[in-house]
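Each of the two complexes below includes chain A, the first together with chain B, the second together with chain C.
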Partner chain A sequence: MTLTIDRAGRAARSRPPARWWRSRKAQGWLYAAPTAVIVGVLFVAPLVLVVWMSLNRWPLLGSATFNAPDNYTKILDNPLFADAVVFTLKYTVLTTVLLSAVALGLALLVQDRRPGIGFFRTAFFLPGAVGFAAAALLFYGMLNNDFGPIDPMLQAIGLTREPVKWIGTPNMALFSTITLVIWRFAGFNMLILLTGLQAIPTEVYEAARSDGAGRRQIFTRITLPLLRPTLALMLILSVTGSLLAFDQFFVFTNGGPDNSTVSMVMVVYRDAFFRFDLGGAAAISVVLLAALVGLNAFLMRRLR
Partner chain B sequence: MSRYLTLSALAVLFLFPLVWSGWASLEDPSDYLEMARFGEGLGTYATNSVLVAAMTVTGTLVVSALGGYGFARFDFPGKNVLFLATLAILMVPYATVLIPLYVLLGHLGLQNSLVGLSLVFVMFQLPFALFMMRNAFEALPRELEEAALVDGCGTFLAFTRILLHAVRPALITVALFAFLASWNDFFAPLILLNDGSSFTLPVAVVSMTQQTFGAIDYGMLQAGVMVMAIPCLVLFIVLQRHYVRGFMSGALRG
Partner chain C sequence: MRRRLAGISLLGVLALTAAACGNGGEGGGTQAAAGPVTITMWTRAATQTQSERLVQEYNKTHKNQVKLTVIPTDNYQPRIAAAAGARQLPDVFAADVIFVPNYTSQGLFLDVTDRIAALPFKDKLAPSHMKLGTLDGRMYTLPHTLDLSVWFWNKDLYEKAGLDPEKGPKTLKEFAQQATAVQEKLGKDGKVHGTFFGGNCGGCYVFTFWPSVWAAGAQVMNDEGTQSLNDRPAMLEVFKIWRELYEKKATGPTAKEEQGPTWTGFFPKGEIGVMPMPSTTLGLMPKDMRIGVTPIAGPDGGESTFVGGDSIGIGSTTKNADAAWEFLSWTVGDQAQVEVMAKNKDVLARTDLASNKYSAEDPRVVLINSLVGKGRTPYALRFGQTYNDPQGPWLRYAREAVFGDPAKLPQLNAEITKSLQQ
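Moving on, here comes the complex of A and B:
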């Protein structure tokens, strides 16, 4: 006991600066070591490995052989991938536009603190707490023609005469999936926009109002421009998320009907685990990775 | 007033699917028993999910709290490189590293393992968690720690005895995000787990719809959805403040 006090007391009074910093350095490293191990082993190593895998014939079982650049040239001959690119882009544009519009509408409706508004914010966000796979299964049941409540309800109010093929045709499958995505993510995006809306000083609104600006003008001239960085963030998240769409299609449509809803990541998955071609899947991963990092960099520069 | 009408109509639209799913799962309560007998049994899948969530939350808390303290209070060579490398996880789409992770975990003897899956979840949570914890430690007054050091504690004792208590709100936020992410994720366990007995709930319930050749039991499916959703809904409602804090702290801006 006396020893520790003595040691600490001495250290506090006359610690030699050089040695003190050296030990601080070592300690800093020790605290950061678990982070370094996780990042090194589970992030940096896989990044290097995915590039190496893409240069090899890499079967699910058995040993790898170098075959560059076959995996890359093969991508061009893969008709499923070409279709998936087109479909994923279409899905991304539609989802991003609709999701942003709904989220912005919700955020504007709940931006002011008034009685009961907390309940509505929670209600809109609540689907976001449910896992995406669970949400997809929920919709899968809800839209089922025999079991789900949607068909009977639509028929009761006279909108449709017979059960709708919710995931039976390519267009309806896309429509149903986007509805699911909006339900699941609108509240999440609303929260992002709320943080942006609340960062706009009220004085700016007051000044505009005293200058005689109407609600429309305030929205287009003040709210939208000042919300730009937040909108950009939401856009980046939505575009990236949509380009990587997997869960919703895997669970909901399983790529069907007739491979009309196969997303790019689904091709990666199928190449790896149905065609047992990990090298081919790695090559597509590398292309996706490069494209997305490039796109993100571009969007960040353009939008901020 | 009309705003409240609009809001109420929208709230009904947003809450209806959840209410319906809960109701549909209760229409025939034997569906839950049916679920309990599906495949390896609901109990096994739920246990797997709980184990993975517990390991992910613990791992994320330990790694990010230690790391956050290190990054906030110490200078060491390679600090900036490591911090940027951690943040780069956000830039790299999740789906593109899962195939190499599958191979890598195989080499580490962690394929088809709940521990391996949890480590992968810790890695995905790390940018957010580390950022959050670093900011929390930076916000603490230095005097708090200096007092402890002068009293003869090493930095580690100061860290565990005093500083950790002071950053509890950040710890709760990090734990909540880690729980929701690991409990709900579908793609990583789908790829990294290949044996039915190690499936987590999302993979097990989805495989229920895709392996049945006869008619799907939709009531049972909604029972599965409820088992997955209720812990998240309850946690979110109880810890909402912490979730929103995670947002507001700008941690999502990466």
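Moving on, here comes the complex of A and C:
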């Protein structure tokens, strides 16, 4: 009898699981499946496609031909890309430093609850609600030498005698673009920092004050160290955004004057849509992606 | 219940995925049209007016309809490329004629050789446009609009500056003298300027400067469009004359920054003495403005023009090839050419209709029509990425030549050649 039961039990176990979906493991997989499919289709598949594209000569219409690693080797021959790397890094450093400083300044200004503070917080954040391409167009219109209102105003109050070439010289084009980016993003970053500032317990400040700490000491010894995780978040957002800069240069400066404001993504765009070299553009994208992943991993580790 | 939910959601996602990945079907086919068909058409802003007039007239008089989308000129090439990559090309699209060889070689246009062969006026279609639309003996496009570069001068400003308002420049040197005279006499207020050009716009340079080189009997590229000859004396002399005009501040202070979209906007306001302009702008000038038109000349004479404009073809992914062709063949027919194009002072796509009841009314139109045979449409497979793209090598070259350091020109010219061969 025992033997029979045992046999039957073994037989049941050795059969292919008739109701495998009843096991907890299988159910777990099933629950995760919809998300997995979405992640696969929307995130992983495009990445795989871009990597596959970068290994092929990819015409606009018609079938691709495998040509690896040509698309990667010719990146090195592209002087525009080399210049774009240098320029984008320069832009990233300048933007990140200035944007962080301005955003932190604004956050400190509107940190405490006072009558009317809501107005200032809203006013600082408002540019963040403008689309970036629209903001670039707005600046283009305002600073345009032919019809922009800024030049006549500056001349009227005697600050300048001739129209300023806002996007006419490499340095001014960079300066104007950074101004645009700060105007557009300072309020948004201020908001991030503000949440960080308000998470610092007031007791810490009170204790510091009762110990006789001055304003400067409080800022450097309490506010900044406790704000570190929030600053890290802002830094990562700013660095990533700046390295992927496109709209501001595409709409505002058009890469000019004389290719002085060509960002890395603009080179990708040019290769894909002006030179119809989709494989080459994909290769640059993959390199850019790898660099970004590496940089962000480094930043996260250092700033944690 | 939970299991069922999971199953349903999984099925839903799979169905969605299948739909998203599904192929839009094979392109290029012909659909038997049961009723009126609406076809889509794209055109670039530079020749928007002509396309709009044609589409409006066609829609008024035909059952089939055309839905026109106008795209900013600078963004046109990227939009076409993106649409082609997604197999979503419009049924019909016009393109700057110089980009056509690139498009045909990429297979973006449907082969219409047999359909063109059946047209009674097939040999009278604008030859330069037809040449650029032919690849390996097969034909892909029809001429859509012709846009020639010519010199416009403002007779009122000439009179005020003490110049003969009826005598436009006959050489590039005369052009420079007259522009300088307008600048010196009338430029004090900072509004009126001798001349103007798109100094930060690659396409503007080739359209307005190259005819002076051709007029001098020289070339800018070899016939295959694979070698730049822009470092030869003829081109350098043209650059030198324009450079002097800029240095004398006769070109307006913003010429150096002008990226293209607004370069033709100053002349109609009466602010410019004399400048090269697209012939299509003649029909858009203020009615009361007294304007002279003359061919572009070389430094010491001759005359030529850049025969630009658009060609039009059927997108190779279309499902409405017959309806698309019905529209295209109508646009080059007698009625559309005379009653829509000629009536509005536009250059015609057909040489046999050059003299018509409207052209005789305006000697300027007759002059522009007569230039079609003398001008050129340069051929290069890599034209767009070399000459039109703001990040291309030509714009750097031209800007160094006019505003910067001429010592850099030999090296930059080599880069133009390299780009032409890529």
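Everything that follows uses one rule, which is that the second predicted complex is superposed on the first by the 266 of 304 C-alpha atoms of A that agree within 3 Å, B and C clash if a C-alpha of one lies under 4 Å from a C-alpha of the other, contacts with A are read in each partner's own complex, and residues count from 1 in each chain.
One rule holds in what follows: a contact is a pair of C-beta atoms (placed from the backbone, for glycine too) under 8 Å apart; a residue touches a chain by one contact, two chains touch by 3 or more.
Source: prediction; values computed, not measured.
Undergrad: May I ask you to decide whether A:P163 touches chain B, chain C, both, or neither, giving the answer as first, second, both or neither?
TA: second
Undergrad: First (chain B), second (chain C), both or neither: which does A:W183 touch?
TA: A:W183 contacts chain B only, not chain C.
Undergrad: Quick one: is A:L191 in contact with chain B, with chain C, with both, or with neither? Answer first, second, both or neither.
TA: A:L191 contacts chain B only, not chain C.
Undergrad: Have a look at where A:A272 lands relative to chain B and chain C in the superposition and call it first, second, both or neither.
TA: A:A272: touches chain B and chain C.
Undergrad: Should A:D258 be classified as contacting the first partner (chain B), the second (chain C), both, or neither?
TA: In the superposition, A:D258 touches chain C alone.
Undergrad: May I ask you to decide whether A:L235 touches chain B, chain C, both, or neither, giving the answer as first, second, both or neither?
TA: neither
Undergrad: So, A:I38: does it touch chain B (first), chain C (second), both, or neither?
TA: Both partners.
Undergrad: Compare chain B and chain C by how many residues of chain A each one touches, and report the one with more.
TA: Between chain B and chain C, B touches the greater number of residues in chain A.
Undergrad: A:V286 contacts which: chain B (first), chain C (second), both, neither?
TA: It touches chain B, and chain C stays clear.
Undergrad: Kindly list the residues of chain A that each of chain B and chain C touches, one partner per complex.
TA: Touching chain B and chain C on chain A: residues 21, 27, 30-31, 33-34, 38, 41, 146, 254, 269, 272-273, 278.
Undergrad: Given the complex with chain B, which residues does chain A contribute to the contact?
TA: So the residues of chain A touching chain B come out as 4-5, 7-9, 12, 21, 24-36, 38-39, 41-47, 49-50, 53, 58, 106, 109-110, 116, 119-120, 122-127, 129-134, 137-142, 144, 146-149, 183, 186-187, 191-192, 195, 233, 240, 243-244, 246-247, 250-251, 254, 265, 268-269, 272-273, 278, 281-282, 285-286, 288-289, 292-293, 296.
Undergrad: Can you check the complex and tell me which residues of chain A touch chain C?
TA: Those residues of chain A that touch chain C are 21, 27, 30-31, 33-34, 37-38, 41, 59-62, 80, 145-146, 162-163, 165, 167-168, 254-259, 262, 266-267, 269-270, 272-276, 278.
Undergrad: Considering the complex alone, what residue numbers of chain B touch chain A?
TA: On the chain B side, the touching residues are 3-4, 6-7, 10-11, 14-15, 17-18, 20-21, 24, 62-64, 66-67, 69-71, 73-77, 79, 82, 85-86, 88-89, 91-97, 99-104, 108, 119-120, 122-123, 126, 130, 149-153, 155, 180, 183-187, 190-191, 202, 205-206, 209-210, 218-219, 221-222, 224-225, 228-229, 232-233, 235-237, 240, 244, 247-248, 252-253.
Undergrad: Going by the contact rule set out above, which residues of chain C touch chain A in the complex?
TA: 3, 6-7, 9-10, 12-14, 17, 20-21, 74, 77-78, 81-82, 84-85, 87, 102, 106-108, 200, 253-254, 256-257, 259, 262, 316-317, 384-385, 389-392, 395-396, 399, 404, 422
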